[in-house]
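Report on one structure; see the data block that follows.
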Amino acid sequence: MSYDFIETILFALLTLGIVGGALGVVFLNRITGSALLMAFTFLCNAGMFVLLGAETIAAFQVLIYVGAITVLVLYGVMFTPQQDRPYGLFFQKQTPWAALFVAPIGLFVALFAFSFRDGSHASAKGGDLVPLATSVFRDYAFPFEVASVLLLAAMIGAIVLVKRDDE
Amino acid sequence: MNDIVAITPEIVVLLTAGAVIVADVTLSRAAARLGLPLIVAVGLLAALYAPNGVALYPSQAALRSTGVFFGGFVQVDAFTNFFRALFIVLALFATLVAPTYLARKQVPAGEYYATLLFSTLGAMTITLATDLITLFVGLELMTIPVYVLAGIQRRDRYSNEAALKYFLLGAFSSALLVYGFAWLFGVTGSTRYSDIANALRTTGLANGPTIVALSLITVGLGFKAAVVPFHQWTPDAYDGAPTPATAFMSVAPKAAAFAAILRVLVDAMGPLAVDWSAVFAALAAITMTAGNVVALVQTNTKRMLAYSSIAHTGYILAAVAAVSAGASSGAAVLFYVFAYGLMNLGAFACLLYLDLEGTRGPTLDELNGFSRREPFGALTFAVFLISLTGIPPTVGFVAKFLVIQPVLDAGYVWLAVVLALNAVLAAFYYLRVVVHMYMYDPESGAPALISSRLLSLSLGVSAFAVVLLGIVPNSLYQWALGAAAPILP
Amino acid sequence: MIQDVWLIPALPLAAFLVNGLFGRRFLRHATGAIATGAIAASAVMATLVFLEVLGGQERTTVTLYRWIGVGDFTVNVSALVDPLSSVMLLVVTVVGTLIFIFANGYMAHDHGFARFFTWFSLFAFAMLILVMADNYLLMFVGWEGVGLCSYLLIGFWFDKPAPQHAANKAFWMNRIGDWGYTIGMVTTFLVFGSLTYTEVFAKVGIATQANLTLICIAFFVGAAGKSAQLPLHSWLPDAMEGPTPVSALIHAATMVTAGVYLVARSTPLFVAAGPALQVVAVVGAITAIFAATIALVQFDIKRVMAYSTVSQLGYMFLALGVGAPVAAIFHLATHAFFKALLFLGSGSVIHGLGNEQDMRKMGGLRRKMPVTYWTMLVAGGALAALPPLAGFWSKDEILSGAFLSGQTALWAVGIVTAILTAFYVTRALWLTFHGEPRDLHLYEHAHESPAVMTLPLVALAIGSATLGLLVGFPPDQGFIHSFLGPAVTVEGAAERAVELSTLLGLAAVSVAAGIVGIVIGVAMYVRHRPDPAAVTRAAGPIYRLLVNKYYIDELYDHRIVEALRAFFGVLWAFDVHVIDGLANGIGRLAAVGGGGARRLQTGVVGNYALTVVVGLLVVLVAYGGYAAGVFKR
Amino acid sequence: MNIPVGAFIAVSSILFFIGVAGVLMRRNAVVILMCVELMLNAANLALVAFSRRAGSPDERGSVFVVFIFVIAAAEVAVGLAIVLSSYRNRPTVDVDEVQAMKG
Amino acid sequence: MTIDHVLTLLLVVPAFGLLPLYLYRNDPRATKQVAVVTTLVELVLSLVMLAQFKVGEADFQLVEKAEWLPSLGIRYFVGVDGVSVLLVPMTTLLTFISVLYSSGGAIKERIGSFMAAFLLLEIGMVGVFVSLDLFLFYVMFELMLVPMYLIIGIWGGTRRIYATLKFVIFTLAGSLVMLVAIVAVWLASGPEGSRTLSLPDLIAIRNTFSNEFQFWAFLAFGLAFAIKLPMFPFHTWLPDAHVEAPTAGSIILAGVLLKAGGYGFLRFALPLFPTGTQIWLPVIIVLSVIAILYGAAVSTVQKDLKKLVAYSSVAHMGFVTLGIFVLNPQGAVGAVLQMLNHGFVTGALFLFVGIQYERTHRRVIADLGGLAHHWPLYTTFFGVFVLASLGLPGLNGFVGEFLVILGTFQFGGVPLGGLFWGPLAAIGVILAAVYLLWMFGRVMYGPARDHYKLLPDLSPIEVVCAVPLLLLTVALGVFPQPAIAIIQPSLDRILHLALDPTWQVAVR
């Protein structure tokens, strides 16, 4: 069993996980289930990153998505309880139309994807942390600052939207 | 150090936002009411006249400050300065018209101004960007605060609805856009405009991934600018958002979207212009027609203005589509965006004279006899509407004239004719508002009026500017021409 | 004096302005004196001018200023004084003066006295311009000016509907004629490059026959409108709704003869255009007999005179058409006198009877109104062409002209018409003045008119009686011919040598015709053999046809006018519903489109997102199409 | 590595369009938000894959991903705040029911 | 007296009036005085301008130039030639009369705004006639729009809103298409950097315009002017606008605004697009003749006084286009005279219809009658204008119409020839007599009516308004030659430009 073969197997499994998880997010009737499957998809995605040799990104992915965002979403789910309703009513009326239009586009795009025939660069020497950090903190210092402002703005925005009036 | 100097306006805006937040906490409620806008105004003016001079006119100082900074990640040129100035002016205008409304509707003013400033900062960032990453961050910094602004009147269900719709669709479109960026990165191997342009120059459009990338970017940026058929969030979001916020979000994000379109599509993806310009021409025609036709049947003034802003997107997009005309195309976009900013913000702000329930605007009937009840406000509103129609001697007319030029020059005669006919269509509903204001008598149940000196002053100044720039448009045009030069020499 | 010829119209114009500006408020009855004085002074000057022309000043052009000059088109305000125009000036001013004097009495109690004389003066001015002009365009000014005054004066009593209707009808039918005039005038300019008579006539040779025929027919349409020739005649009888002096001056003596004058003026053109001349002759002859037949059965004294005028104008055109323009002008002049007299006499009767015009209610008036009676008798004799009254000479000229031109059919028509004329004038005079009074109440109150009215009658009667003698003897070498001839005949036209015996023979025939008419008239109305009522019954349908004026008014006023109104109404409906409907429809279409499009704005976020995706698909396909070359760049 | 970049991109595009489909199909605003996150993840995957392309590795894709993390977090925070504040006024997160404004 | 920059002064004097108007906005008396004085000053100034004009020269005079949008070659460029020099005083006179009449009590509400609208309108109207740069012309062309829109919409009758929107939409539809064409002309005027919109410069390079270009450009310009004029079948806005407009608005609308269309044809369409002119000319001539007949025919069945006069304007303006497009001196001079005459006469007709309406509050012809008994002065004035309108020789209407007909007869460049279309057009004159006299008779004549007994005859202000128009009506009919002498040289040049596409002329 060659390394390549393992990679391929891993890739297939992760693909399965991603696609399955994503489909689950869309089609599960329990919202918490959707949220958890979303986290699962994120995880699989992190696996993909590892497979691609972007371990740092994978770590971030796990921290931010699986950690922060999923938790946020779960809070969101908890704060907005809904009455139970039949499965069909989880979907919009336009669902068949959506399927009709999305499927061809998705197919179209996925087919185009295969025109990228280059191989993948599995592992960088010394990992991807250093180049990434260098990029983010030196080259991309300006957008990084902006991003921090963005977080600040989002924080203020979120607070102003949800704080109670008497505060 | 040079780097910091280059972004002084942004820093000043950020500091102003910070000052507002601090002042909001420290100042008493009464002092805050006018104190906060004062701080914002001072801050924005300071940004405008910052040492490196993003002055209203391309001065020598401004020219000295142009260049590339932050290791090539920030680019300050005439284009940047034009938009910076525009955003600052729009933010200033939006700030000055807001206080009475905010106080009346008990909207948290400090957060409102701060969020407005953050959004402005995001818009300014867009124009500084040299690569897709910075652009995207700037775009989000501009957009996310606007979601908040739309929903900031949180007790109002229309405000909620506006924010929710805007947010869901905005996030959706951002995802489309970023996915398009990803593919573009894949195709060209770079996120920097200049590299992208170089790469595309060799490959052209003749491969699937490029088509995918271009399509997604078209949709993503088209969404931000409210191009039909990616426009449907616009009426609902504009309609439901608090009116001062609507005034701002109808102009600044749209201007920023066009800045982004110019940077990304015209600059970075310029080599593909032969392909996208025809599609854009078609989109422009559809956009202006759909916007106008639907505006025609609206009875609510605010919603009508929302649809009309879609139509204006169409006009601007027509100039973008005429990219092959070169400098005149870019200048037309910039001039139009500037003119549109002034007049559309003004038009929405004129609705602030009316004391209405919730966030929604007055119906046409509620405007009956407005000119007798509030002559000055009606006059400014009429000026804005006439300018939006494109009748001289207003800046709106010059803008239309300038748009038609590149469109014809690029060979889209049909588009120019469609544009002209659309302007006729638009005249009908814009002037119908004037009809209601001037030609009907007030009704007994007409909404109460709010008199705000600050509102009148700022509307008066901008209405005057709208007329003045219509009579002597040359300096603005020269500025726009110079500002478009980095993109379309 | 000729150089000052412009003073002649200037005086009435001055009178018009003075009366118009100050008449109603300040001058009141002085207006009559001012207007009459002005026209009398004009008459004196016209006489002087006439004498000068007689003295050898055959053709003088007096230019005031350039009126219109655009490119090669130039028209001056200038007068042509030649025998023809000098005669016309004389006739207009002299007859005019007499009628003005009469009107001072006739209108004395009308509250529109000042207005009347204002417009009367304006009429005199316009008529003088018409006859003095040295070009067609300036003549047209007078031409339309007299038409306007005719309109104003027919509708003088504007509070009643009938005068108004008659006035409108007169103006509109004249306008139809003016249309022809305009075409003739413009075509003349196109062909000859000028509108000045002398220049045009000098170049007659350069025109083709077709050109000339077109020009002449067009001018004749104008003349027919003004001079009430078929088929544009029907306004003139209606025009009797105006005050009687108006009928006398405008609708008998002067304005209606403008058409004759126009054709006479244009003789060189008409002569050169053979077919047109033929048309003139035929239309004239038909009109003459046509109107005479209607005059046979009318009971309104003024209508009899009106149809008589139409008939006599027909004679004049007949004369023009057979190449006897001198006779036409001569008859014009004599007719001006005796027909004015007949009208004024009728006016005197009407005045005396308190505005009664129906002859069936008159009778025996000769005892009450002797002056009127005797003067009218003279005029009637002239109209019936009894020698030696003026009418005889001029009508004889016409008839002999017709005969000598070889168109004996036209001559025969003329003779028949002469019989009819004599008959109806006898009938009218008998019914009015002889027999027993049929309405004693009216008769009791009848009175002779004041001197201011009878004096003009006498003056006109003298003219009617003696003017004919001017013709000289033998007629074709007499004064009139030698004086007028050069002005209206084409140079080099073959002189006709006529046996004197032929002329005398023709004269005898026409005298006989007159006498036959009178005899029949006397037989029927004095002896009742045959009884008029019996004749009426026997004639049945023909009588009804005549009484109803051949149903032409019905045809015009109802069928044609109604049809046009209906058609115009349809056009208006077309305007409102189709043209405007189209414009509004476009607007409505946009609104409908908007209504449809706004239904796509469902308010549901998912739908919006789907739209975005559909848009994405479209954009993708479009770009793909461009990339694959399916679409052209 | 023998797996071509295209394969990763294909996976990412499938993930992306599942996300798109989710946005179009689901009624629950929170689920829609999740689907948007799936779309962003698809972008992340694509960016990382492109940036790890054999022969021309380029950190910028990964850098982009880092920024997308930040943006996604901000977006979710604000988005949930909006959903929440809307929910307070009217207890529903069903987007089909939020349609007071239309036409 | 010579005044420098007189044209610019003409354009700014009304603007100067706006400030005191605003300051005295709460004092109706003062606003009236300000407006009357301003328009009077403007009138005097325009007469001074006329006096400074050198008769007999074809070229533009009193020219002033300044850069406006230099990088686009757009200039502030004004000047007058024989065609426009008479239209300017006509405009100022009619504006003065309108303002004077309105200050006499015809306008009761918001008088200050009304006067302000009129002053703005005056700038636009004068500007249209003096602009020599297409951009400036367009600005002025549109500047006339909004004030008139407000005048009809605020001070108009019951259906004023429908009427005013229709007016604006129609006009804009034409003018915006023209705007596209103006831009196209600009693009065609040379390589980038040397483009221009100055009329003389454009004339100098017009031979570079391709035939196809001229076809479309003429169509676009023509559409704008045809709607403004208005030509059949674009005329339906006119009756509505006139019926609803206040009297002063009708005077200006008929007197001046319509002229902008005819003037535009002469000033721009003909010299710039000679080939386009040749191509479109048969269509325009046929439409003109249709307009003459159709307008007159429809007038005869009108029930509303103002509508009747409005439709008659359609017919009269048909003579203008007909005269212009037969492309000979007689026709063109006739057309310009017709524009002047129609301005004075129809303006006066609307004035008198308005005076009448103000007293009786009736406009339906069938409801009126017998006014002549009570208003002799009114009847006289009104009668003269009616007669002038129906083309009575000796009054001004005749000269123009006759010259146009004369020109039409001469013209052969149209199917069936001038000998067909000329007589047809002349039928319009017959019809004019029909409807105008019918109307006059029905309104003025007939038995006296008691309820009109107390209504006063013309007031002194109204007489002052009417007298200048009356004098001009007579003077231009009796002595048209001075006007022709002013008009003709410039018109000859325009015709030469239109007839000879390659002819170049050295112009300022």
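The chains carry the letters A, B, C, D and E, assigned in the order they are written, with residues numbered from 1 in each.
Assume a residue touches a chain if its C-beta (ideal position, glycine included) is under 8 Å from a C-beta of that chain, and two chains touch if they have at least 3 such contacts.
Predicted, not measured: the structure shown is a model, and the values here were computed from it.
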Joint neighbours (chain B and chain D) are A, C
In contact with chain A and chain D alike are the chains B, C
Relative to chain C, the most remote chain by C-alpha centroid is chain A
Greatest centre-to-centre gap (Cα means) from chain E is with chain A
With centres defined as CA means, the chain nearest the overall centre is E
If you tally C-beta contacts per chain pair, the winner is A-D
Expressed in whole Å, how far the mean CA point of chain A lies from that of chain C is 102
In whole angstrom, the CA-centroid distance of chain A from chain E equals 70
Between the Cα centroids of chain B and chain E the separation in whole angstrom comes to 42
Cα centroid separation, chain A vs chain B, in Å, comes to 31
Flagged in chain B as touching 2+ other chains are 133, 137, 140, 144, 147-148, 151, 154-155, 163-165, 168, 172, 176, 186, 207, 211-212, 235-236, 428
Multi-chain contacts in chain C, i.e. residues touching at least two other chains, fall at 587, 598, 601, 603-607, 609-610, 613-614, 616, 620
Listed in rising order, chain D residues that touch 2 or more other chains are 5, 9, 12, 16, 19-20, 23-25, 27, 29, 32-33, 49-51, 53, 56, 60, 63, 67, 70-71, 74-75, 78, 81-83, 85, 95-96, 98-102
Chains touch one another in the pairs A-B, A-C, A-D, B-C, B-D, B-E, C-D, C-E
As the complex stands, chain D meets chain C at residues 20, 23-25, 27, 32, 95-96, 98-103
Touching chain B in the complex, chain D uses residues 5, 9, 12, 16, 19-20, 23, 29, 32-33, 36, 39-40, 42-43, 46-47, 49-51, 53, 56, 58, 60-61, 63-64, 67-68, 70-71, 74-75, 78-79, 81-83, 85-86, 88-90, 95, 98-102
In the complex, the residues of chain B that touch chain C are 164-165, 168-169, 172-173, 176, 205-207, 210-212, 214-216, 218-219, 222-223, 229-230, 232-233, 235-236, 274-276, 278-279, 282, 290, 293-298, 425, 428
Listed in rising order, chain C residues that touch chain A in their complex are 604, 606-607, 610, 613-614, 616-617, 620
Touching chain A in the complex, chain B uses residues 3, 7, 14, 21, 69-71, 73-74, 106, 108, 111-112, 114-115, 118-119, 121-122, 125, 128-129, 133-134, 137-138, 140-141, 144-145, 147-148, 151-152, 154-155, 163, 186, 207-209, 211-212
